[in-house]
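Same chain, two partners: chain A is paired with chain B first, then with chain C.
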Partner chain A sequence: MTQKTGITRRGALKMGLGSVAAAGLMARPIFAQGAPVRIALAAPMTGDSASMGLNAQRGAEAAMKLIEAAGGPSVTFDIFDDMGQPREAASVARRIADSGDYDLVVGHVNSSCTLAAMPIYSDYEIPVLCGSSSNSQVTESGWDNIVRMTIRDDYGAQQYSAFAVNNLGKKKMAILFANDDYGRGLRDKMMVAADALGAEVVAEAGFTPNLDKDFSSIVSQFRNAGAEAFMLNCNYTEGGLFLGQAKSAGVEGIATVGPDSLLYNEYIELAQGAAEGSYILAAYDPYADSDTTQAFMSGFREAYDALPSQVAVFTSDLFILAHQLMAAGSTPKTLIGDIKGTEFVGVGGTYHWDAKGDVKDRTFAVITVKDGKFASTGAAVDETGLDALR
Partner chain B sequence: MDYYLEQLSNGIAVGSIYALIALGYSLVYSILNLINFAHGYVIMVGAFVALALLQAGLPAIPAIFLACCAGALIAMGVERIAYRPVRHSNRIVPMISALGAGLVLAAGAQLIWGPEVHAFPQLIPRVPVEIGGVTLSSQSLIILAISLVLVAAASWFLHRTRFGIAAQCVCQDLATAQLMGIPVNLIIVAVYAIGGFLGVAGAVLFAMYFNAVFIQMGLLATTKAWAAAMLGGIGSFSGAFWGGILLGLAETAAVMTAGSAYRDGVSLAIIVLVLLLKPNGLFGTASAERS
Partner chain C sequence: MAMTETFRTPFTVKFGPWLFLILMACLPLVLPGRFWLHIFSLTMIYAIFVLGQNVVTGWAGMLTLGQAAFVGMGAYASVLLTMQAGLSWPLAFLASGVICAACGAALALPCLRVKADFLSLVTIAFNQIFFMVANNWMELTRGPMGIPGVPSMQILGWKARSSSDQFWLILGVAAILFFLVARLMHGQLGRTMKMIRDDEVAAGALGVNVTGYKVLAFAIGCGVCGLGGSLYGHYMRFVSPDMFKLEESLLIMQMAILGGLASMPGCALGAFLMIMIPEALRSSEPWLITIRPGVAGATLVALMIWRPNGLLGFGQMPRSIRRLLRLEKEARP
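And now, the complex of A and B:
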């Protein structure tokens, strides 16, 4: 949490512009001499999504160890807290841009924050490597200084629906969604996808994220509507509570599908046994049969006694990606272009990017809960019927 | 039809929990005419204590009883530290110091237990019970029964025992009660302790019903208790009970019609309407306010 004190805003702005220009001119020789790569990590360290910020920080720390072992230019990073709030994210972006101290930004986490901060990074031509913001607008708004790791929501909503309908054979879906941009966006796209797949959304219920804890009347609504599949568009706390309360109301054994924001041990714990057999479609596979992934997982578990979330994995991969390319001669100006032209193998698997900055050819890993633990199923989503939407 | 009865049973269960939390809140108000902003935070800590004791392997009933006692002790501590020194100041002062005490409790609890939501074990079996052709959940009925018994007991205690009558004297006039030989400090501490004890019982039911214990429960419980107490008529025990039940039903109705995201908006709108028509609440008496 870097903060400049004792410098006027205008002074800082001038210095910032000066050093951006200098970095542009002199970047190549500096890196050849091994000057450090300076990263601004923007994430919600406090507030309701603080656990994601913590995961971003841990992912960055894990990456730093791997980077040290790999050699090449050193990496330094400072954390900027956007509190998960767009207003704060814009102010963080302004501070990062004004300071001129950073070669690139890794972040933000919440889509609404990335969307609020991007115009500023774009003006200053700071490369932004985004991990977890899944809103389609992040790469659809015409910014050419961003790439991201996660799979877009519009594609995700289709995949979750196709899994419920085609793989599990459920035609009556009930959608539980967080009543914010993320949850409502997913719900809208899921309704379109359900239509294309010949399924029906029989019930939908929004809740206020981080506030509502009583899902008993929603459970009754879903049961009354004859739901065959619960589609959870929310994070692990609400997802777990919902399933736990459904179980205690006697609603059990309904197929459940959700995104990787459920992939936390707390989800299983809060569901009190009801998460068993539910499916999570994750943008990375924590149980992939790869040495890199397994080494990262076990190292992370040892250090923090927790399953690394998607945010941790993507943050770590982005740090390593930036380090690799900068070591090979990329500059802040060329970084985004170089990333789009490269293929990168990280903890989260293999990534390629398209011209907009979205990942190409990545599919969801289907994870289930078995004997109270997450386990990979190795299944692939059956995409029959999704062609109409493309 | 079954669907509406099921929702009715949901509403009554939530309402009974609110009623129990509101009871402890109303108790302090009826004796001291003081809005106890720390109440929700005290009972949140109590619920965490219950969880810790259960995790340590204690059987359910002693664990909950001890947690209720812990709630009583914390409430007594809050009284000693945050209220007594400012008891004779302007009414706004103890209100602010109560809020401060609540925030300190919340920060302390967050340091110990962290900001995450914790799961709470299900101690009351939840099976369908049929009464006269209507199927209700056993958990709702048990929660309602516990709440009714505690409300009746508290009411009896305050209206029929020597202690209760002394407490009412303190309520009528603190200085005169003291001159008449009533141990005012003891009575006030005891009122806080009973409020904390009952509140933790409500908080444990809350944790069990929602399967969750979390820090923000403090603020949530305070606002719900306040709303329920206002709705029923603040200071009245049967008012707190009915206020809680009505609030629970209003929330369930809001979820059914407008959606869960509008729960508080719709239910609080109902309360505002009721208070516009009956400013002292449904069961309050017009002379409840002391200047």
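And now, the complex of A and C:
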């Protein structure tokens, strides 16, 4: 067998192309220390999920103050409204990508919007730092330009179920879920987790978010099925209404477990006392003792007279993370790789990322309602029996 | 004298569409960046939806408010046929048109028992039913999670990857659909539909099969929307039930009204304005973000006051413009 040596035409062409590309890279200005970091914040500022967009904006504004105090390159950001609609998200993504004005994107919030926008960001190789899109497909679709802060639906569902079964000792679960990508995703994974944990889902009911307000028939369905734990896979409005209506129907004292979409004061108000003793497993603990968290919480309360939601905290942490890494010499091209290799301590706690861009080794903070207020319990989820699912 | 004069098609009508097509085809060469190309691609896709709406509402005079259901049906059919059944995109595209035309005809039958406002209600209900089915039939549609990773449009091995490729492909499909529908609507079929629209009783008395033509209008209109839906799904590369809610039907109807019912150029103009106005207003300014969703509605209210037949509704077009376009002869002294 003869081995080809010397320069072939194809080889020469490759070398030529390679040197042109290298020259292009060298000519490209290296991200200078002191140059501003330009962020596009994509969130639903209008429409059904506008409250999440508002929280994202406030989180960004809160982060800007912390960034200014920390020094280093300045950060500028522009808000792009995706209205919580996939079509708008795709337009927003093209607009951001086409302008060439941004180093990175923080967003989107709704999973469906992130899924619609990602093919475009991926084509343009724009780094995407996603806060709250929890659908597992976001990091399972093969895009290598995204990392996210929130804990995936499938992992979350396992944790909520394990808490109800192992920590609270409840074996008969009734699942209430919002029939959207979030609630439905949780419900599907919860069914699998319940099975692995040896628990039984005795009843389940879906509702249309922002439309259904009467849960009385679901309450009686859950009561008749002999539910020992209510698993609420929905946001605070419906979660609170459901508990309030259950109380009116005389169904009280049933263990309740839900995600941090319930972590709003309105949940307690709407439940009319029935939220007392219910558990919320949050991806971050707003009542944690850490100085960073407390400083952020008091600053946020002072500025907006409101508790920051998960979206606000993640947006703020993403801004600070991007700023830290860019100040340390990351470029838009290397940012995602650098994030995956770093450990970041933010308001929401400590984050690490895996190769897909999901956070790893994150644990849920267990928060309860005590005397009409949210309070941290300091408890940890007992994960016995979850090994089979990993 | 006037009676013996032969009618000659005005040159604006004869060559205008071709000129427009050539200008549109040149857009990717002159537009800066890919964002505006995306907006024009989206406009053309919506113009196809409006065309479908116009066949039913503009020419046949039936006020339907559920076209998004057919758009969604076309999108889901095409996406599932390519991804699950392994069909090539052109076949899935044609199949989605046929499926939607058949469903449109099937929906027409109960619809024809009701008139005017009630017809709107039936079609609104149909839109809701479609949304509920798409949202809950997990095994087929993946429900509210939607279907990500939809392949791009592909014809005989050629894949529309870049924005310009997609733009030209959509332009080609839109041009063919507009040409075909224009041939139908300016011919015997369209004239009969208009006749039914203007006076159903008189048309029936003259022996026109009113029911048959109405069912046909539904089939054509919904079929066109289904074809547009196939383009939409493969262009967005993601489908979810949220994209085909009642609001989307209302948007398509608004576009049809804005452009002018029963007007071919009106379909394109309505879609263009209703896509372009919100895009032009897209900004980071908080006050602009707040008022943006309301601007389209305000435009429509203004239009209803000053131009109730739409911008290009024939009867409403100012005489000076009609003369300029040689659609009407100079008034003789």
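The definition used in the following text is that the second predicted complex is superposed on the first by the 358 of 390 C-alpha atoms of A that agree within 3 Å, B and C clash if a C-alpha of one lies under 4 Å from a C-alpha of the other, contacts with A are read in each partner's own complex, and residues count from 1 in each chain.
Quick note on the criterion: a contact is a pair of C-beta atoms (placed from the backbone, for glycine too) under 8 Å apart; a residue touches a chain by one contact, two chains touch by 3 or more.
Fair warning: this is a prediction, and the values are worked out from it, not measured in the lab.
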### Task
For A:141, decide between first (touching chain B), second (touching chain C), both and neither.
second
### Query
Of the partners chain B and chain C, which touch A:90 in the superposed model: first, second, both, neither?
second
### Message
On the A-aligned overlay, A:179 touches which partner chain: chain B = first, chain C = second, or both, or neither?
### Response
both
### Query
Which partner does A:298 reach: the first (chain B), the second (chain C), both, or neither?
neither
### Query
With the two structures laid over each other on chain A, which partner does A:350 touch: chain B (first), chain C (second), both, or neither?
neither
### Task
With the two complexes superposed on chain A, say which partner A:384 touches: chain B (first), chain C (second), both, or neither.
neither
### Task
Could you say whether A:76 touches chain B, chain C, both of them, or neither, answering first, second, both or neither?
neither
### Message
Going by the contact definition given at the top, which residues of chain A touch chain B in one complex and chain C in the other?
### Response
179, 206
### Message
Per the contact definition, I'd like the list of chain A residues that touch chain C in the complex.
### Response
45-47, 78-81, 83, 85-87, 90-92, 94-95, 97-99, 111-112, 115-116, 118-119, 135, 137, 141, 179-181, 183-185, 188, 206
#### Entry: In the complex with chain A, residue positions of chain C that touch it
33-36, 38-39, 42, 135-136, 138, 143-146, 148-149, 236-238, 240, 242-243, 279, 282, 284, 286, 289-290, 292-293
### Message
Under the definition above, what is the set of chain A residues touching chain B in their complex?
### Response
50-51, 179, 205-208, 210-218, 220-221, 223-224, 237, 240-241, 244-245, 248-250, 266, 269-270, 272
### Task
Mind listing the chain B positions that touch chain A in their complex?
3, 6-7, 10-11, 13-14, 115-117, 119, 121-122, 126, 128, 137, 139, 209-212, 214, 216, 220, 251-252, 255-256, 259-261, 263-264
